[in-house]
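Structure incoming, see below.
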Amino acid sequence: MGIERLKKEVCRANIKLYRSGLVTSTFGNVSGIDRERSLVAIKPSGVSYESLTYRDIVVLNLDGVKIEGKLNPSSDTKTHLELYRNFKDIGGVAHTHSTFATAWAQSCKPIPCLGTTHADFFYGEIPCTDVISDSGIKGDYELETGKLIVNTFKSRDYDSIKAVLVACHGPFSWGVSADEAVEMSIALEDIAKVAMFTMIINSQSLNIKKSLLDKHYLRKHGKDAYYGQKKG
Amino acid sequence: MGIERLKKEVCRANIKLYRSGLVTSTFGNVSGIDRERSLVAIKPSGVSYESLTYRDIVVLNLDGVKIEGKLNPSSDTKTHLELYRNFKDIGGVAHTHSTFATAWAQSCKPIPCLGTTHADFFYGEIPCTDVISDSGIKGDYELETGKLIVNTFKSRDYDSIKAVLVACHGPFSWGVSADEAVEMSIALEDIAKVAMFTMIINSQSLNIKKSLLDKHYLRKHGKDAYYGQKKG
Amino acid sequence: MGIERLKKEVCRANIKLYRSGLVTSTFGNVSGIDRERSLVAIKPSGVSYESLTYRDIVVLNLDGVKIEGKLNPSSDTKTHLELYRNFKDIGGVAHTHSTFATAWAQSCKPIPCLGTTHADFFYGEIPCTDVISDSGIKGDYELETGKLIVNTFKSRDYDSIKAVLVACHGPFSWGVSADEAVEMSIALEDIAKVAMFTMIINSQSLNIKKSLLDKHYLRKHGKDAYYGQKKG
Amino acid sequence: MGIERLKKEVCRANIKLYRSGLVTSTFGNVSGIDRERSLVAIKPSGVSYESLTYRDIVVLNLDGVKIEGKLNPSSDTKTHLELYRNFKDIGGVAHTHSTFATAWAQSCKPIPCLGTTHADFFYGEIPCTDVISDSGIKGDYELETGKLIVNTFKSRDYDSIKAVLVACHGPFSWGVSADEAVEMSIALEDIAKVAMFTMIINSQSLNIKKSLLDKHYLRKHGKDAYYGQKKG
């Protein structure tokens, strides 16, 4: 994939995130990676989505060295890079402060898998990281945030749960592309909202049983998936 | 009714559902039946509402054999067919993952009839099915979901309560036509929302008394109905 | 005021109510009165707001006898008439099933006056009627609903609290004109929403003190009011 | 800064507030100050935002004497003036009755700093004033409201926490300009909303730790700030 094409994809994904209503102020950023060349394209920091064009997109290598672009990359860039270095199969990362996912992150609780809508997208609860340590904050904060996420997935599969809540902060999501990372942010926000309302109606609500989780996740994403037109 | 006309009606009803704001992603589907020919028209699986035209609508017989259409039908097709086979008078079925109805479904609780808005549309509480059994999940899942709904209505009248919550999943609704099925989905979501807020304000809220339920349901739907212009 | 002009005013007020987002389906209705001729103009029953024109507005005398119009008047007409007969100074009545005001009505609780926004519009809590009696339901239901409201205001001033919650049903509001009745419906919904959130944040929240209520209500509505440009 | 330019800035800021969706009815007002000439420009009282032009903006000196403009200034003018007289570095003030910030104000509770979104804008919890005293209400009410705010900030830094909740009333915010005051109102409403949802999900949620608050506030606002493009 040429760099121009990657920059355009990443710009489009950022604008899609903005139009989805998940972004307030200049918060939120999406990146994408060209795995062959090991180059990451990401939104510049603090730039308005309304004026964003693909020429503003910043390109860096996996060590964070800027390769192309006049603007500063997103202040969360090191978190994105840490995810690309550790989640070898992902092609895009998205970060938002969307209302309901952020509320769960601020409450320092994972989002339980309370229904099939959740299971259609994520194979189990959305984990919440530990609160970052003081040494993590005082050190390379955004890198440490990435490490916290990677650590949370040591015992989990990043390919079937493509999102995380960073405690006291907000959600990150990822996917095979920048576009899928945004799709996961949108799905996550919807699920976070319904989960909160479910807990309001019945505070005893529990994770759905494993057999139902398997059924819904696998009918869409398993090797024998039969949802949609892709098999046709 | 000609098949073309049925396909157009079903397409229009799907688009109405989408425009009502009840649909997220590609979730949700509406079908309609031509009772004379025993043919069901339904949305194709995983197709974007934005690009949907009536030519995409899939036609099947009541045994699920495809009669017309290139695309795969909705993955929930067998649930729809089971409803048509058992609820002999219905002409349309709709399924959504709308926010508040889904929250009630995920909480595994029926929506009590807390006011006259509810009573204007549904003659009593909206029931919630049992959680589907493991054998139901491992068997023909979507068919078993339909059976669960039919079973829930063994002791209820599907003609005066045109909606159900499938536990841990979401709502289904129906009506004399695809269009009315969508109307019921819209009314259900509104009622589910107000019911949740009512419980927040007063957790002791109860079903309204039978005399008030009768009054409101029957002034609109009873044989002496006097609401609207139809009697005129 | 000529009948044509009254019909146009009432039509405009109905459309304003619809555009305010307070109306779902065909619920909701606004009326206005010409006190000189004792004629009431009201929305027809079950007619879509989108196609409503002033020619559809129905005119009746205070006994409910239709004077002009081909369509049936709103099914709530007798409630409106009872209010006009008893609240001698009002010029308009509005009824909605708006989300938050309806939730309070369904919870059978008055809306406490929790802040100055409330006090700017309503001089104290918004009362909730008793639940209508079985004899009231079986009798002339809509007339009895009106009597219930009038009874609730026996010990209150309908001129400084221009709204009520009908228990298990929803809100009615009124004003010097159909337009003001709609304004009161809009203000009521906003206040009902903020009041619910206030109770969520602090379930111990209480009515504001009398001195603050007086200050805010009277600086806008008292004889020495100094809010706005009217004094200028 | 010329008076014309100040009036245009203040008009634009008022319209921005209105378009942000934070304003209902004619509530809300924004002012700006020309520190060189000690002149304050403010929205007129009770005027519709839709028809507002910069020619309607009222100009006063810091003693409240009208210098320019035909209309009455906002009824909250004395509160604005008291803030300008005491918070020497501010250039603009905004007041709204926005839903969630007002709910916190009505609940008489400060908004705790529950996450990094809050810390990105405000350096710690948003304080809530005491309830105004009866003598304050009976005296020069709007001036006394200003004094209450100033008093609340005796032990706080108005430059790093640019907003306050007036108990039983609603929020005020400020900034280096009328535009920034509006930005703070928008941020405050968003934070107030997420904070309420966080408390719903986990009623034990606490202020984030000092080290995380410092990190987020200072990376955007400290002398070594590295967020955005300003350093570039």
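Per-chain numbering from 1; labels A, B, C and D assigned in written order.
Note that in this section a residue touches a chain if its C-beta (ideal position, glycine included) is under 8 Å from a C-beta of that chain, and two chains touch if they have at least 3 such contacts.
Since the structure is predicted, the reported quantities are computational estimates derived from the model, not experimental observations.
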Fraction-based call for chain B against chain A, same above half, different below: different
How many angstrom between the C-alpha centroids of chain D and chain B? 47
State, to the nearest whole Å, the distance from the C-alpha centre of chain C to the C-alpha centre of chain D. 33
Return the residues of chain D touching two or more other chains; collapse runs of consecutive numbers into ranges. 200
Got a list of which chains touch which? A-B, A-D, B-C, C-D
So, in the complex, the side of chain B touching chain A is made of residues 24-27, 44-47, 71-72, 75, 97, 99-100, 102-109, 131-132, 134, 137-138, 141, 168-170, 196, 199-200
How about chain D: which of its residues touch chain A in the complex? 114-117, 120, 183, 186-187, 190, 193-195, 197-198, 200-202, 205, 208-209, 211-212, 215, 219, 226-232
